[in-house]
Each structure stands twice: as C-alpha cells, then as structure tokens.
Amino acid sequence: MTQTLHSPLLLCLLLLTAWGIVGLAGLIRPASVAFAGRTLFPLGAVCGAAVAYVAATSLFAPAEQIVLSIGLPDLPVHLRLDSLSSAFLFLLGAAATGISIFAAGYFRRGEGTPPGLMCLQYHLFLASMGFVLLANDAYSFMLAWETMALSSYFLVTTQHRIPEIRSAGFLYLLIAHIGAIAILLSFGVMQGGSWQFTFDAMRAAQLDPAWATSAFLLALFGFGAKAGLVPMHVWLPEAHPAAPSPVSALMSGVMLKTALYGMLRVTFDLLGEPVWWWGLILLALGLFSALYGVIFAAAQTDMKRLLAYSSIENIGILFSGVGLAIVFAGTGMRIAASLALIAVLYHALNHAFMKSLLFLGTGAVLHATGERNLGRLGGLIHRMPWVAWLTLVGALAIAGLPPLNGFVSEWLLLQSFLFASEVPQAFVNMLLPLGAALLVLAAALAGYVMVKFFGVIFLGQPREAALQEAHDAGIAERAGLAWLAVGCVLLGLLPAQVIALLSRVIQPLGFSGLPLDDGSWWLLVPLPQRQISYAPLVFFAVILVVIVLTIAAVRFFYHQRVRRSDPWDCGFGRLNSRMQDTAEGFGQPIRHLFTPFFAMARELPSAFDPAPRYRVVIGDRIWRGLYLPLGRLVRRIADAVAWLQQGRISTYLLYSFVTLVTLLALML
Amino acid sequence: MSSTLTFVVLLGTPLLGALVLGLTGGKRWAPNLNVAFSLLTFLAACALTSNIITHGNVVLMQEQFFIDAFNVFLVTLTAFVGLTTALFSRPYMRIEVEHGRVNSAQLRLYHSMYQLFMATMLIALTTNNLGLMWVAMEAATLSTVLLVTLYRTPASLEAGWKYFILCGVGIAQALFGTILLYFAAEKILGAEGVGALLWTHLNVVKAQLEPAVLSLAFVFLLVGYGTKVGLAPLHNWLPDAHAEGPTPISAVLSGLLLNVAMYAVVRCKVLVEGSLQSSLPGRMLMGFGLLSVVLAAFFLWRQRDAKRLFAYSSIEHMGIITFAFGMGGPVANFAALLHMTVHSLTKSAIFFAVGHATQKAGSQLMDDIRGLITLSPTVGWGLMMGSLAILGMPPFGVFASEFLILTTAMKQQPWATPILLLALGVAFAAIFSRVQPMVFGETTAKRLPHPPALVPVFTHLALVLMLGLFIPPYLADWYRAAARLIGGH
Amino acid sequence: MTALFDWLAQILGILAAVLAAPLFLGWVNQCRAWLQNKSAPSILQPYRGIRKLFHKDAVIAANASQLFRLAPYMVFGAMVTAAAIIPSVATRLPFTQAADAIALVGLFATARVFVSLAAMDVGTAFGTLGARREMMIGFLAEPALLMIIFVASLISATTALPRISELLATQSLALYPSLAFTAVAFTMVLLAENARIPIDNPATHLELTMIHEALLLEYSARHLALMEWAAALKLFNYVCIGFALFVPWGLATSQAPLALALSSLFLGAKLVLAGAGIALIETVSAKLRVFRAPEFLATAFLFAVLGLLVRLLLGT
Amino acid sequence: MNMTALPFDLQLLNTLAALLLLLSFAMLSQRRIVTLINLLAVQGALLCIATLLLAWRTGAGHLYLSAGLTLALKVIFLPWLLHRLIRKLGVYWDTEPLLNTTGTMLVGVLIVVFSFGLAQPISALASTATRNSIGIAVAVVLIAFLTMITRRKAMSQVVGFLSMENGLFFGAMSATYGMPMIVEFGVALDVLVAMLVLGVFFFQIREQFDSLDLQHLESLKEDQ
C-alpha cells in the first residue's frame, strides 16, 4: 500500500478503478436520482480532483510502467505513465471534476435511461478515457478506446425515444468503430515485423518510410474520425447536441482530446521521427476544419449544435498546430516544434475548460427554459445572472480575448507560425504564413460566433413569454460552472507557470522544451532571443486600475445619477422583442460571404404574403456529397448479392454441385 | 469416478432422456425433466473434463471414442450451452404452448429430439471413428429436421425441406470423402483395417497416406461438412432453418451444430495437411472463409427477420473461424478456438433474447419489434449487449479473438486483412442499424404470461465479458494444446 | 532612479495620449470641413461634447443589465491600456513588454466584443443590427491587421512593437516594398475600424447605413462620453500604430528628456500630417453600402497577404 | 484392358457397374415417378448382386451381411414405402425438368468423362479386383446429383438422393470391399430414418400445399 502511494501510476489505476466502482454503485438504486446525484457524482468529482492532483505531481516523476496479469494470455495489459499521459490525465481529472459537480445537480428524473444506469455509463466513460491515456499496448488501448466509444454512445442515446437522437447515436458509434478499425490497422503496421503489440515494441521497430507513412495516415484517419476532423466530422454536430449537457461537455472537452493524445503518441512517440510533409496534410485538414467549423457555427440556430461546430473549429486549430510541429520537427527546427507543441497542449487544456463551461452553461439554460433553439431564447442574464456571467467568461475565453486563456494558446500558435519562413523547403515557407492567415481568420470568426452565442441567449429581450419564469441554476451547478470558469481565468493569467510545466511534458516526445528564462513570475518570455513577452497580469491590472480610476474620477468630478426609461431606439415606439436580430439574422453576413460552403434551402415569403414565413435550412455539402453516396453504394452491392439467393432449391443444389466439381477439377 | 463410467453417463444421459421424454415429453413438468437431463449431462461433462485435466487424454471402448485437448472443451461447451438452452426453453415453450402454437404431441417430439440432438453432437465430438462421426452428423441433421418444421407453417416446411435435402446431399459427399480416406488408410493400416478409420491411428500415419487420394477426399469432406458449417455458397439452408424453427433450436443450431461441423472439418484438415505436406487445404479454407464473411456481411443489409439476421451473422463468424483455421499456426488456431467458444456463447445468448423479444412483439419482423428496454429492460439490454458483443465491441471476448485473428492475418495474409475489415465494418453497420431501434425507442411489446429466462442470457454474456478481459490459465493452456494439435504452418 | 523615471515617462505618455486623442479627432474634423469648404468647428469641439455629456444624467433602458453599464468603462480601459503599449513617443517603456502587437489586436477585439454585447443588451432592432455589422467588420479587419503586423515582424523577427519600430527606425531608410503593400492595407483597416468613410460616416444617423452610431444609440451622458472618448483614443492609437510600423523615425530610444521632447515634436508633426491625410481620404472617397464593406476589408486582407508574400519572395 | 483377360466373375462385375451407370442415366431422363422408383429398386438389386459376387469372390463375411442389408432396405423396403407414398399422395408425374432431356444427357456424359478422369489415380492405387468401377461410382453419385438438380417434384428429388446413396455404397464396395461393419450399420440406419422422416415430411407438405411441387417451396429468399 505504501508503495502504491508512492507510485503515481498505481494511484491513477486505483482512482480509475474507484470511478468504475462509483459507477457500479449506481446499480444499487438505479431509479434514485437523489442517490446518484447527491452521493455518487460528488464522489466521482472527488476522484476527478484526485486524478488531477496525482497527474500534476507525476509530471515531475520519471515515466513508470507496469504489466497487469489480465488481458490476452500472450499480451497482458501494459500500462505506462509518462508526462504526456500525465498532462492529459490532468486535463481529464480537472475537467471531470467541474463537470461531475455540475452533473450532481443536473440530472433530474425523466424519460430515458434511469439515473443509476447513467451514473454507471458516465463513470465508465471517465475511467475508460483514463485507461486510454495509460495504455501501453495495442490491445489494452483498443479495449479502452472502444469502451470509451461504447459508454459515450449509451450516454448520447439517453433520450432514446427521440428518433433524431437514435440516428445520431448510430452515426456516432459507426464512425467511431470504423475509426477504431483504422487505428487497429495502423498498430498492425507499426509493430514492424516484431509481432509484439506492445508500444515498446513499436517504439523499437524500424519502419521504412512507406510503411511509416501508411501507419501515420491510418492513425490520422482513425483519430481524426474520433476528433471530428473534416471530413470525418459529420457525427459530431449530431451527437453532441443529442447528449445530456454534462456528457456533451465531457465528449467535447475531454474525449476529443484523447484523439489528440493518440495522434501525438503515434506521431512523435511510436513512429519516432516524423517526416516533415506529413505535417502539411495535417495542416491542410486542420485549417480547413477550423474554418469550416467556425463558419458553420456562425450559421447555427441550435445553441448546442453551434458549440459542437465550434469544437470542430478548435480541433482544427489543434491539429494544424500538430501539423506545424511535425513540419518543424521534420526539418530539424526543434525549438519551433517545441513551441508549436506547447501551444497545442495549452490549447487542448484551455479548450477542455472553455468548451465544458459553455456546454454546461447551455445545459443550465436548457433546464431553465427547456429550449435549445436560439430563436426562442434571450434576455436570460436578468433571470439567471450566475449562469450568464460564468458563461460569459467561457465565451470571451473561447473567442480568444486577452487576458483569458484562449488568447494565450492562440498567441503561442501564431508565434510558432512566425518561424514558418525559416523552413528550408521552398514553397512550404510561403504556404505556411498563409496558414497563419487562415488561422487568424478562424480565430476572429470565433469572436463573431461567441458574440452571437452569448448575445442571443442572454442579452436583449426574452423572445418568448415563458422565459420570464426561467430560474437560475442550483448551487451544485453554479459550483461546477465556477470551477471551470476559475480554471479559464487562472490558465489565462499564469501562462509562464503553465508553460514551464508543458515544456516538461513534451520531453517524452523527444523535445528538449523551451529555453525559458524564469526571471519574473508574472512575465511570459517563451523565446528570449525574439524579445517577445506577454504579461496578462499586468494587462489585467492596468485595465482594472483604469476602470477604477475612471469610475472614481467620474464620481469625483461629476455625479452618478441614473434614470431608467424605455429604450430610445431612435424614437421608434412600438418595437417588440420579435424585432430583435434572430440567430439566422446574426449569421446572415457569414452565410452571405461563405455561400459556397453551405447547401442552403431558403423559404422566402412573397411581398403580399398574409402570413409571411422565412425559413432557411443549412445543409452540409460533405454529408450529401460523400456519405450518402457511400451508403447508397453499399445498398446497391447488397441488392446485387441478394440475387444469389432466389429461394429455389435446385439452384442451391447447383451451387454445391458446381463448388464440388470446381474443387475436384482443381485437384486434377 | 473412472473416465469410462463418466463417459457412459455423458452419452447415456441424453439418449435415455430422448427415450423418456419421447414417452412423457408432453407433460406439464416435461420441461423441468429436460433441464434435469441436460444438467446431468453437463455435470458428467465437467467430471470428464476434470478427469482429463488430471489424467490427460483417454481412449475408450475399443478406441471407438477418445477425448483429447481439442474436443474436451467443445464437449464441455456443448453440454453447457445445452443446459442453458434447456433452461431458456422452459418458459419459452410454455409460452408457445399457451399461445397455442405448439400442442403437447409436438412438445413431446421437441423435448425428445432435443435430447437426441445433444446425444448425436456429443457422439460426433467424442468419436474416434470418422465413419461414426459421419453417422452422428447425419443423425444430428435428422433429429433437428422435424424441429425446424415444428410449427407446420408453410415457411417452416420449406425451411425444413431445404435443410434436409441440402444437408443430406452435402453429408453424402462427406461420406464419399470418408470412403476415400478409408481407402487410403487401408493401404497403410492393413486389410480389414480395424483402425483404418480411427483418427488416432490415422494421425500417426498421416504422413504416409496417399496425397492424391487424400486431396480428393478432402474436397468431398470439405464440401460435405462445409455445408453444415454454413460456408458460402453452401450456406443456403442455414438462414431458413434458423429463422423458422423454435428459437431454442436456432440457438443450439447456431451455437453448437455449426461448431461441431467445424470440428469435423478441422479434424479432416489435420489429416490431409499431414499427408499433402502443402498449404492447399489451408488455402481452401481461407477462400471459403473470406467468401462467407463478405457475402454474409452484404446479405445482412437486406434482412427484415430478426432471427434470419443473426443466422447470417453466424455465417459471417463461421467464415472468420474457417479463415483462421485456414491460416493455421499456434496463434490463429488459438484465436479460432477462442472465437468458436465466444461465438457460440454470444450467439445463443442473442437468440435467447431475440426469442423473448419475438414473443413479446408477437412477430419476428424487426419492424414490429420496438423499444424493448422500455417494457422489459433486461431483455432489451441483453439483446443490445449481445449484439454489441457479436459485433466485436470490446470489452467482450469476440473482440479478443478477432483482434488475434486480424493481427495474425496482417502477418500471414496481408492481402486478406482489408477485405476482412471492410466486411466487418459493413456487418457492423447492418446489424447495429437494425438492433438499435429494436431495443430503443417507443415500445410495441406486450407482457408475457411467464417471466423470461434471463439467467442464461446474462451468464453467457458475463462469460464472454470475462473472456474479453481475462482468459483463465487452464483454459488458455487447453487452447494452446489444441492449437498445437491442429497445427498448420 | 531610472526605473522610477521610466514609470513616470510611461504614465505621462498615457495621460498625453488620453488627453491628446480628442484633440486629434477635432483636428481631423476641422481638416475635413476645410476640404469640403464648410466652416469648421473649433478644434476643441470634441472636448466640449465630452464635458457636456459628463454633466448630464444617465438615462438607461429599463431592461439594461449590468453588462450595459460596465461596457463603457471596459472599452475605455482597453483603449487606455492600448495607448500604454503603443510606442508613440518612446520605445523603452515598462508596459510595452506586457504585451506585443498580437496582444494589442486582442485588446482591440475585447473592446469590440464588449461594445457589441452592450449594443445587444437592450435588445432593440438597431442595437443588434449595429452589433452584427460591427462584428462583421471586426472579423475581417482583425486578420488584416494581424497580417500587417506579421509582415513587420517577419522583417524584425519579433512581434514586440517597440522592437519592430526600433529596428525599422535604426536601419536608416531601408526600402521595404512589402511594407508599401501593408501600408495601404493598414490605411484601409484604420478607416474601417474607426468608422470613417468609406465604411461608416461618423457624421450621420441614417439608420440603415450606420455602424458605430447604431452601437451607441442607447447610451447617454457619461457612458456615451466614455464611449466617444474611447473612440477618439482608438483612432489615436491606430494612427500611432501606423507610425510605429511605417514611419518610426524620431522615436526616442532612450529616456533622455531631450530625446523625449524631440520625439514628442516628431509625433505632433506626424499627427498633423496624418489627420490631414485621413480627412483628405474621407473627402475624396464615397461611402460604400454596408454589403460592400466585406469586400473592402477583404481587399485590405489580400493586400496584407500580398505584402507577406512579397516579403517572403524578395526577402525584403 | 481387354475383357477376355479377366475372369468371368469380374467381367460380370464390370457389366453390373456399367448397368448401374446406365440405370442412373435412365433415371436422369425418366419423368414418370413410378418408373423412377422401379429403376431405383433395380439399381438396388444390381448392387445387391454385385455385393454378393464380391462376397463370394473374396469370402469376406461382412459383405454378405451388407448385401442382405441392401436387399432388405434398398430393394424391398424403400421402393415399397415410396410406392405407398405416391399412391397416398397421388403424384405420378414429374413436370418438365428445368433442363431439357437431351441437354441433361449431354451434361451427364461430360460428368462421366470427368469422373473417370478423376478416378484414374485412385484406380491406379486400388488393390481390389473392382478398381475400375470406382470411376463409375463417382459418375453415379454425380449424375444422381444432377438428377436432383433438374427435378421439380420433391419425390423425384428423393429418388435422386437415394440413387446417390447407392452410388456411394457401390463406391465403398468397389474401392475397399465395403466399410467397417459398424459404419455400414450406421449408414443404413441413417438412410432408414431419413426415409421415415421423409414420409412424415411429405404428408406435412401435402397438407400445407396439397401438392409436392417444389415451386411452392421457393418463398424464403433474399432476392425480393
């Protein structure tokens, strides 16, 4: 036991198991909301915090591994905890804590899966994600990976009575499974003739470039499918809205990151030295996803779909960062690569907090109003101030505004893009800065999206009378939101410390980290030779001081008198809440600018229409152009095959006769 | 207790059961009697197994029967699934009787034939004499034909007829193969060849057997027993027979009979490979396997009948197993044996769940079965979990064996891997898209007069789950020993 | 001692910027009036307006939230902070290392987001309309601005504004064709961001075309005053950024009082010219329809990217 | 090889074999079910004679037994059973076969060639006197197969099935002087049971479709 306490790996193992046990405990009283909510989810949260703590401490511990005596006879379960795993475990634990706290207050009695069962699925989901991060051989990795997919599938289909949710769940599990098959193949390639499926064997294996490339592409396909990289993204905007909000938060905030983890693990650790041009593929896909995601997010009218698309955007940013790192690493620019990787990890961490926060916010709104459609929300900041202000933090953060955390990671990524011109390959060094341009565009659009998101939901006048009865979130929910919001702020204000940790994290990937000068704790100087620096605290302080001074000055020199009255609105009288900008309206400029991206179906009323209706349906070209034809193809083949079986016994006898004769003839 | 005595009990119980139930099978308590006989059989099997573990392989009754690493665990498995299926058929058949689909005479036939079927399979598994094995296989067909037609519906009659003719003709080929084998063996093992059909003897001298003859023999045997395994394109009887018979029979057909047929094929393959000293038989098996997997995967897309769907999934999995045996070698054989085990457990569990589901919905059409978990969560989750398991979703055992098979395939037959994976993906989409609405959504099901039998379903699933996470050492050793026995390159 | 002096200089610089901003605005307006031969208002007019507003009682819509009241201070604070970061007079200022050019853009974005949210808060048709247009301008202007900065920082291998301008200032008259492109782009962004013609007309209240005014419709008294002041400050900041990037000559690289005084003179001169220039552009160009605004900014963006490519191609 | 070199009984055996083949051809072409059954009976009788001859020649005791079995089962019982069935069910004619007679014959001939070629290596190894007839056995089996394929009535398919059994039996005998007794019995038992099952079957089918035409049995299929 004592030795257990000294080994972070065993501790993690213990905690993950604890999660499993907490889940199983849910089956004791499957129907009781109170039991699951008041007892089990808080326990889960505690485990989460513990995981985060252990992971954080184990950042400084050397990598350790153990072999359990379960699994396949010839391939027992290998587990390994190095600083990369620790970083993602921290992410998992920290985010899960907030989400579990929120969930404790969130789940109510209702249709669909009984709370106890959901508790089991939820904690299995958490535990399996943890095991994905610890797995050190192909079998246990796949085991955890698919368990993760499965448990999350059940969570997605909690409200299985709704057909859309069922089809969403199906699509999700199908794509996840196909992705898993690709990952399995890529492991099969990576073992490189040793036929040992432990990761150590893969590290040791020497692949010739062709095989390495195919392994990389397979992994990219598999992990990309899980991460929701365009064009494998179609499941994401379906599944995330379908799930209960805490689950959406987990999936978007944490599960997508496990895909990122897999990508990093495979590319930099298992495959050893990546080839530089792999990075270009990732960059292209990533940037396209980023742009695609944010553009679609701007056009959404369902708040959870909007967030789902924004997740696609962020995943795109992350993967483009990885691509950049690959390019740099492949061309021997270790420092630049380290910077890019750190930016990626940082952004992953940020996104876990921001996106979970936002999803939970939508959850609270959903509970208060029962409404997901932006067109029927509005003015909630008066009814539910807690949720509104905490969500605002998340929105500003994800919009990449200083001094919050979203800005820091994007800042780092842009800094690493500045190295692009030093890449030896011609053309590439020209293309990459253009990539920066796209990235910046996506980031700016994210701001647009977030203003739409927050403004339409929380500001303005309520668009429905029912919203007047909306109630603010309960204590547990507030606590959960607050946890994540604080996380956002801290990650934003203390970049120097975070980066110091992260540059340790990338060491197992074969990078030395950054030449940080740890002079002043409040000042972030990632690359001294570039003389760039960023001090959010100062920043923050100055703004605060100025605000305080101004207020004081105004009060001192003038007065604070305020009169309340009707809105001025250029003197127009009879303006009602329906005349506010709708979600569609707010998205209009984007739809106008990026028309080629959308498959749009509009319903425009005529001028003399007595009951005018305006409808616009946004379709996904990729879905129509790629997935539907694929489905049709399979069906067509199936129909063709079915011709073989026409029910006539003579035909069947003929089959066996022919088979027999052919084989005999072969033997002659 | 000596092996012989145990063995006599093992074979005697079901035979006796067939006799007794043949007289009393229509009575109200007959189902319990059925269970009792099956239980006794299972106990005997366990005792036998423990004997084997302690004393090693045995040969019994003037060498006509033998137990070795290969068939011992199949015997246990058969007896076990026989028992659980009997448990399941208790409420199932009662409900059928109350729905008036079965009268007491038919019930009598059912019970007696059920025991007889068990007996024939146990004989086929344990006999050392290839001729006797053939006889047992044929008997297995005959004992189930009338069960397939139990409901006397037009469809069931058609299914039964096809089952009878196709398997009959197929098995006839196998007989010719056996004759040729005997013919070849006689040369070596002497005239009147007492041992000329005894597998143990043949195995010793297999290297000297005449290749030309054995290759022909193998073709006949493969086509013959392959028909019963359900290898495409000889599979056409299988979906009909599975879909139209009573569900317990579908369960044992899918879970056990196919295994036994596969066992026969492998036994023959061992001899032939030994004589030919070439990978030809292996390649044939691989070909059949791949073809079955691919065809079945696409057939799955057109299914409307729940039992038919899973029948095709059985064809698919038999294809996988055949492919694995075709590859041969310790790992592949190990995986194939494991897959035989988990498949028969999972598939029978699925049929249990489907059986109750169809009774609840009053129809076998999947469009009529909706939202099971809202009315009876246990059956719903059983079906869902079973389907996910059969689709190779971790942490269930099917994934373990498929993982091994695929990785070995990557090593030995890289070209085949993408095909297999493609087929698996297609099958996944097909089956899951049909199971999900059956389990989830608004319900159409109604309550049943008897509580469904859930113990069998969840025992099976629990076992499969365990095999996915942890294979007990002695079981692993069994598999290894059997794999060594089967050999292949 | 020097440290203390640095801080002194810093704070003086900020105050100078804050106080000078309305003056510059007044200057621009005056020039424009002259060019359009109208009788010009006093150059001090902006101050008067602000003072008047401060005296008034604030009238706030009944359904306005705290956010609505916080926004003006937030925006004003952001602009002041920006002023603290931009090397307008001297480059060796303590604050300048707190944030680089990218952070600066982020700062402007923050201000924009708050303005827009505040505009949506009351929930009037015009407010939301303004917010939407403002964000539309923003998501195109920001990337353009960042690209411009990228070009400069590719030359100087850093994104810290003071370093950039130091470098450009010290290299006596090296010609950068890339900077020519970016200068054009920057001018366009400047006009768009500060609600000048051709994107917006600060002198009109025609609802269908206005952007900046639509955002402020609900504001009154001190809040409006702060908003207007912040706007003036924003213009001032932008111009200073322009100086830092394109005509950095005369910036004080040391804290010697003399140098500071000298560079202040330089700054004044530049401002006078810049104001006249802006006025000139506004006079000669016509206001675009709102729908054309994206194209205008897209052009700016493309110019910036072109500058980037030129930079990479010619290495200058 | 020239026939005169062979002892008379072997010549007789070969002739019997040839007759067997001839009979299966006759079955292939025959459409009248009563005649089919009679042909089957004759085939059984020939088998029985052949077995007796072999038994007498080799003095193998168990061959007498199996000859007895054949007589009882294939010459007397089964034909009687089948006749009874068709009288009860009133099916006398098979409809037009799927492939017309001449075509079928042609295929049959090809099959014979094929199976003789197939049997070459085996015959070469065989030590038995009747080695040459192995090819004939294979041919009989395959032709019976063909018969089953081409027929549309359940009854005639069964007859084909039985003649296949005959072929197998003949093959066993000519290759190895028959299988071990236990197997022989087993096989015979199976055939017997199979026929009884069939009897039940026919009545069930009959009461469902009041006809034994197989086209009623073509509803279970994928190709809708």
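Worth pointing out:
For clarity, chains are labelled A, B, C and D in written order, and residue numbers in each chain start from 1.
Everything that follows uses one rule, which is that a residue touches a chain if its C-beta (ideal position, glycine included) is under 8 Å from a C-beta of that chain, and two chains touch if they have at least 3 such contacts.
Predicted model only: the values in this text are computed from it and were never measured.
In summary, no chain was found to touch both subunit A and subunit C. On a Cα centroid basis, the chain most remote from subunit C in this structure is D.
Computed centre separation for the pair subunit B/subunit D is 31 angstrom, with centres defined by C-alpha atoms. With centres set at the average Cα position, the gap from subunit A to subunit B is 44 Å. Here the spacing of subunit C and subunit D, counted between their Cα centres, is 102 Å.
Separating the CA-averaged centres of subunit B and subunit C is a span of 79 Å. Annotation for subunit D: residues 118, 145, 148, 157, 217-220, 222, 224 touch two or more other chains. Subunit A has residues 641-642, 644-645, 649, 653, 660, 664 in contact with two or more other chains. Those residues of subunit A that touch subunit C in the complex are listed here as 378-379, 381-382, 392, 396, 399-402, 407, 411, 414-415, 418, 421, 429-430, 433-434, 436-437, 440-441, 443-445, 447-448, 450-452, 454-456, 459-461, 523, 530-535, 538-539, 542-544, 546-547, 550-551, 554, 557-559, 561-570, 572, 575, 577, 579-581, 585-586, 588-589, 592-593. Chain contact summary for the complex, subunit B toward subunit D: residues 64, 129, 131-132, 134-135, 138-139, 142, 145-146, 149, 152, 154-155, 157-162, 164-165, 168-169, 172, 175-176, 178-180, 182-184, 186-187, 193-194, 196-197, 210, 212-213, 216, 239-240, 243-244, 299, 302.
Note for the complex: subunit A touches subunit D at residues 641-650, 653-654, 657, 660-661, 664-665, 668. Subunit A contributes residues 70-74, 138-139, 142-143, 145-147, 150, 157, 160-161, 163, 166, 169-170, 173-174, 177-178, 181, 184-185, 188-189, 195, 197, 634-635, 637-639, 641-642, 644-645, 649, 652-653, 655-656, 659-660, 663-664, 666-667 to its touches with subunit B in the complex.
Residue ranges on subunit D touching subunit B, taken from their complex, read 118, 121-122, 125-127, 138, 141, 145, 148, 154, 157, 161, 164-165, 168, 171-172, 175-176, 179-180, 182-183, 186-187, 189-190, 193-194, 197-198, 200-201, 204-205, 208-209, 216-220, 222, 224.
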